[in-house]
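Naming follows writing order (A, B, C and D), and every chain is counted from residue 1.
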Amino acid sequence: MIAGYLYDLMLLLFSMGVVSVFFTSSNAKLTNYVAHSLALLGSTLAILCAIFVFMQGKVDIVLPVMLPFGPIGSSIDFLSAFFLLIIGVVGAATSIYAYGYSQEYYHRRLPLMAGLYNAFLLSMVLVFTVSHVVAFIIAWEVMSTVSFFLVNHEYEKKVNTRAAYIYIVMTHLGTIFITIAFLLLAVGANSMDFSQLKGSLVSENLRNVIFVCTLIGFGTKAGMVPLHIWLPRAHPAAPSHVSALMSGVMLKTAIYGMCRFFLDFLGIGPVWWGTLVLVLGIITAAIGVLYAFIEHDIKRLLAYSSVENIGIILLGIGAGMVFMSKQQPVLAGLAFSAALYHVFNHALFKSLSFMGAGAVLQATHTKDVDQLGGLIKKMPYTAVFFLVGSVAIAALPPLNGFISEWLTFQVLLFLPQVLVGITGKVFSALLIALLGLTGALAAACFATAFGITFLAKPRSEQANEAVEAPPTMLVGMGMLAGLCIVLGLWPIGMLSILSMTLQNIAGIDIQGLVGHDWYALAPATGHSDGGISMVAIILLLLSGCAVAMLLYSIFGKEKVAVGETWTCGIVPNSHMEYTATGFSKSIRTVFKSIVHSYNETVVNANGNPYHGQKLFYHVRVRYLFVSALYIPINKTIIKVAHFMKKIQAGSVQVYVGYIMVVTVVILIWSTGW
Amino acid sequence: MNILTILLLFTTLLLTRASELKTAVRIIRVQSLMLAMACTAVGMETGEVQIYVAAVLTIIIKAGFLPYVLLNIVNTLKHEREDHPILNISYSSLVACIAIVLSYGLIDQALPGAGSRDALATAVAMTLIGLLLIITRRQAVMQIMGMITMENGIYLVGLSVAKGFPLIIELGVFFDVLVAVMVLSILTSRLKLSGISTDTSILKKLKG
Amino acid sequence: MNILLNVIQALGVVLLAPLVAGMIKTAKARMQNRRGPKLFQVYFDLIKLLHKDSVVSPTVSWIFNLAPYIYFAGAVAAAALVPVSASRSSGVGDIFTLIYLLALGRFFLVLASLDAGSAFGGMGGAREMFIAVLVEPALLLSMMTVAFKAQSTNLGLMASMVENSPLSLAYVFAAVAFFIVLLAETGRIPVDNPDTHLELTMIHEGMTLEYSARKLALIFWASAVKQLVMILLFVLLFLPGNVFGSEMFSGIVLKVLLVAMVIAIAETSTNKLRLFKVPDFLAVSCLLSLLALVAQ
Amino acid sequence: MGELLFLALFVPILTGLLSMFQSKTTGLAIVNLSGSILTSSCLVAIVYKITVGGAFSYKMLYVDHLSAVLLCVLAVLTVTSMLFSLSYMGKELVNGHITIIMLRRYYGLLNVLIFTMTSVLIVGNLGLMWVAVEATTLASAFLVAFYFNHSALEAAWKYVMVCTVGICLALLGTTLLYYAQVSVVGSDFQALDWLALTKMSSQLDPAIVKLAFMFILIGYGTKVGLAPMHTWLPDAHSQAPSSISALLSGMVLSCAAYAIMRNLIVVQAVINHEFLEYLLIGFGVFSIAIAIPFILVQHDLKRLLAYSSVEHMGIVILGIGIGTPLAIYGALLHMINHAIAKSALFYMAGVITQEYQTKNIARIRGLVTTMPLVGTLFIIAILAITGTPPFGIFISEFIIITAAFASGRILLGAGVLLLLAGIFAGMVYYCLGMAFGTKPKYRASTVSIGRPALMAMVISVGLVIVTGLYVPTWLNDMLTMAASIVMGG
């Protein structure tokens, strides 16, 4: 099996990438190129490996570890292969990007970062492929720990360490629930091998327990509201190419886990499973995008937008589960393909955006959008790529984001056919409306992100002195931008991969997911022929442009004069421009109940009230779940701990007293008085 | 034999009433002597040599050497008495009585119709009272004596129900008791030397 | 796939759009006892604009130049998808596509509004996005009232389903709901005032403040097209066939005229809302759509 | 063969005696290093013989796979602790905290401690085992009180007081067990020899045995550090020199746990398992739970580690309490991993406290900048001790939890997992604070920490990492055998 050899070689390369930094640590340049080239090779092999699996079918590999749990191995089936493809594509792009981006870190522990970067890729590959409970949990925790160190890499800033701490604790909690779910299954199946878990004999209640544990466990990693609080802290703290990987791929490990459980291990469940996932999904999407919109730290903004996209993915999965439990295999197939399509898309455009943000960060050393501006002239290519990413995230045609969003809409449209009655109809209508709201907010959010960052005049010195990113970084971004366009114009290619991924899964039928025509996106759901054709839409848009050109040039050539905007007689400067904070003001006002933005104050920097005033506008946001959920819990725990500590009061008499009491109590209990 | 156990109990009760350290040490001495007598009694029953040896050891170490050491320490401590025990004298003897009742009850409950019920009960009672002393007394020396009482009680069990241990274990136990008390006494004197009072209830620096 | 038909239909819509805009203007004027502009005045304005030379700010980038084209193209593509009989059974695009094509245009126009870096542009863009965010759910909800019934988002199917179904309470609710959305989406009173140039109230105008001459003409034209598209959607998806019996072309024209009149009446009889009253206005639409869903 | 056992007992004594007559640090170093290496090679030889030839007894001594498991740990800890002591105490001497006489006493007592621990593991008789366990307390008493300052004395006093009281109860239990034996076969030379006891265990009077085991559990449990008898543990660990803290929590606690297991083998034939499980699981879970608040709110580095020891001993006892072969396998493996990881942590704590001249966590900042290697190892070790993969402790904890689930105790397993999460949160919080953050102003010590100490740490951490992904066959077999022995097979 070629795929098997490719797999082993890939693991070897990543491991070499980890080890190499120890030998090259003397020379930063060398470290950079060796480590990231190995990562690049590994990622390419991941792509090849996935392709071979798709061509030749499932492969099994035995891993070289020796633990008292029997043989531990990997098995790459189509689902794994799909995610392997994702990590390959994104990993390759980020690795190329890393060549240029690492120059920032030549004096900031580059060897550590490069080594961890390889380890991160390695662990994620293992998470996607291993087929043994213990191996999965080990890989999962290693992935979390490695990313934790990457988040903490710039520990000179206290906030990063704080973020890393919150991240590791949250993800550890999640892991515990995952472990519980796995162990319940493994005990039922009396084996820890994934192939056996499917037939696990567990009672109905236990299955529900397992489902809830899975949802909590993987939901924590995916950033599902209200377990998302670590995400907007951790992702901005990491180096940008790592943030790209974290958002693009690491979150998808959670989605992978959910698919494993819901499609493979648990089988078809009751309807409320899917409904619960749907509700959580829409909440996640709406909350995420709202917070993204009011954010003006560009990387935090992207992180929150990841939360939103996870919500959209969850919508697909939830709908799929509902369809499965209602014996609607075709619709279930459509739903899951919508979810997985969005998984792939989000991997592409979110990594792209993070890389763009990284390029901006490297050029200007600020993440605050309100400090930027005018970069489209300074860094034209980055601007184009970031624009592509933004349009894709905003789910606008003709890019890939629109396709998956469209599929999700279709899925939700068919929901009333299984959730009969008024409630079902209203429920799905509300879901669609809220998803529409989410889409519109995303558009607004990224209009701000791009507009304020790249357009108008620079709002600060560092923005004014920005220079274009090095070519390697541009190549990295370019790859993903190209893929965004391709997957937008030619969805059939992706859909055929998805139909391979989802084939021979019980309760799912993806025949006719791929339409008859290469250009038409017309999933035959047997309910309607509601199909669209991206090519046709492109043609229409082009013809529209043609008409516009015609009208434009119908009266000969246009004379263009350059003149400053009229600002009542003074030369317009960057202080007159709109900021992201101002842009989101009206939304903040309307959604006050969710976005507790408070003391929006104007601060006068220098006391003189008459002339030369310098004004700052501060906005603080009280995050709903943090203030309502996490802070109280934290406080109570600490209080209880302080109280409990009284038992170690320091008096030896008391200590001996404990022994006496225990003795007497146990004596009495055992003798059964 | 039974008379001895009763007397042992009596001495133990007496110990709970002692507030002067010297008297307490003397009581311990008496107690150990009685233990030795009990030993010989058992020896006469079974006629095994090792038990006589044990008796002799008891007299030498527990009735002879340890009280001597303790007295020395007490002498070095100037007018340190158990003035304000955590549980005052009469209450603690009350609790001691309760302990005796409790232990009898326990033995009846746990080992109904055991051969040497009194001895067992006495032993358990002595152990509990020893604990009680450690808990309710502030003076390091008093706590040491509480421990010796416990040990005596346990030894009594071995004696009464199992007719004494094999010699090697016997020796080991004796050795350990000896060393334990020595260690504690050294620590006490160190406490004294390093200017801290031997009132152990103020040793509360390490907590949390 | 008969995409050519779609294109032709689109061209038709593009050509007729200014006329409808003109009609609304005139009707409004008449109701306000003014003579008002000529019926074809809008065409004249557009031609005048297409002649003029333009002035652009030195701050702007290529986005500024690109935006009008995309806005226009989006509107045209939307026009091509509207299910007048030409493009009934085409698999080109559905209602979501149409909505998102309009959103695409809006997205770029907002970018352009930020490009020049003037405060008014930003303000206009922010408000436009604000309105859009609120309109989106209302629009989708009202659409769902039809789509759920047709079990499809294919505009052709939805339209034909509407044609041969009797007039019912549900339709009244849905129609009113969508009419509100229409007013908001096309930037008419009470949400926005298309005629004002008073900085503090303008929304759509604010965005396009930097534009002049031909680009401005494109934007105006595209807005007109967008407006006609919305009206057509209203006509085809929310006025069941048996209103004015025939679903022939004439029927459609008749209905369009009617709707234009209603818009004119609405504009004259109401006054502009405060910006932060708009959510309540659209909430009404959402509630009506939900009622329609329940009533089905 | 038996000579080997006696040799293992004799070498430490000899080393101790010799080091009493050394007047130079170099002499001390040479004597002790060679002595410890000799000792541990004896132990390794014994372990090897067991793995090939199985259990064997000699006079009053007896070793089998169960003792072999702990002998391995002892072999490792003897060398590492001695290596560490060389650098650590050397630096103490240079810094003028101790004199050469104290140093001599230190080595003497250290060897005695090693001797006593070895004897706990190789005696074949419950009575003698009691003697040996008590002896470990007494030997380590003066090591805890080593600096003879106020807090050291206080710690020592509490240590001896509490432990001796506990041990007395254990003696009572042992006596009762002897009573049970005598009442069956009458007193003979095989008194309390556990092979004999195990053979006849079915005939023993259940009531007495039950009573006996309760006292034994409480007694040895005090020494293991089971809550609520654990109170001596943080004081002793925080005051003793770090090498001693390492030995205490690595080995002494495990020895006591070993004693409990030995008694368990005898009694479980007659006592109903319900009772045993309730008792052991109860103590285990309570110990884990009690550690959490002290770990969440802690100011003293070494106390932090001490409470973590309480928690881990709780896990071990929990594993024993669950009582399936898998669980006991896990418990034994956990003993090994914990001993090695925790000793490594205490070594680092020693180095850190010497560098910063404080045990106060709040004043220890920026480890990775001040001492990169130690800092990195420290982070790794903390992650290891909190049960993060891919380190050994995760494996053993996972086995125990799995066993809990497999034996149908789902709530127990889930609960323990959550408790462990609490401990993880606490440990990592303080670890991050110490490892990163801005380096404070302090009087940097002149002497850098010696190579031997670093070697000791690297060896220990390396072992922990290895056991995380690779449990060698011989160890696997040994643990399996040991588990079956504990199961009474």
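In the analysis below, a contact is a pair of C-beta atoms (placed from the backbone, for glycine too) under 8 Å apart; a residue touches a chain by one contact, two chains touch by 3 or more.
Everything numeric in this text was worked out from a predicted model, so none of it was measured.
Looking at A-C and B-D, the interface holding more C-beta pairs in contact is that of A-C. Ranked by how far their CA centres sit from the centre of chain C, the chains are topped by B.
Separating the centre of chain B from that of chain C, both taken as means of CA atoms, is a distance of 99 Å. Centroids of chain A and chain C (each the mean of its C-alpha atoms) stand 35 Å apart.
Here the spacing of chain B and chain D, counted between their Cα centres, is 30 Å. With centres taken as mean Cα positions, chain D sits 44 Å from chain A.
In chain B, 110, 131, 134, 143, 200, 203, 205-206, 208 are the positions where the chain touches two or more neighbouring chains simultaneously. Chain A has residues 645, 648, 652, 656, 659, 663, 667, 670 in contact with two or more other chains.
Touching of two or more other chains is recorded for no residue of chain C.
Shown are all chain pairs that touch, namely A-B, A-C, A-D, B-D.
If you check the complex, the residues on chain A that touch chain D are 65-68, 134, 137-138, 141-142, 145, 152, 155, 158, 161, 164-165, 168-169, 172-173, 176, 179-180, 183-184, 186-187, 637-638, 640-645, 647-648, 652, 655-656, 658-659, 662-663, 666-667, 670. Those residues of chain D whose C-beta lies close enough to touch chain A in the complex are 157-158, 161-162, 165-166, 169, 210-211, 214-215, 218, 222, 228-229, 231-232, 234, 275, 279, 290, 292-294, 296-297, 329, 333, 368, 383, 388-390, 394-395, 398-399, 401-402, 405-406, 410, 413-414, 417-418, 420-422, 424-425, 428-429, 432, 436-437, 469-473, 476, 479. Residues 86, 102, 106, 109-110, 128, 131-132, 134-138, 143, 200-201, 203-208 of chain B are the ones that touch chain A when the two sit in their complex. In the complex of the two chains, the chain A residues touching chain B come out as 645, 648-654, 656-657, 659-660, 663-664, 667-668, 670-673. On chain A, the positions that touch chain C within their shared complex are 373-374, 376-377, 391, 394-397, 402, 405-406, 409-410, 413-414, 416-417, 422, 425-426, 428-429, 432-437, 439-441, 443-444, 447, 450-452, 454-457, 520, 522, 527-533, 536-537, 539-545, 547-549, 551-552, 554-555, 558-565, 567, 572, 574, 576-578, 582-587, 589-590.
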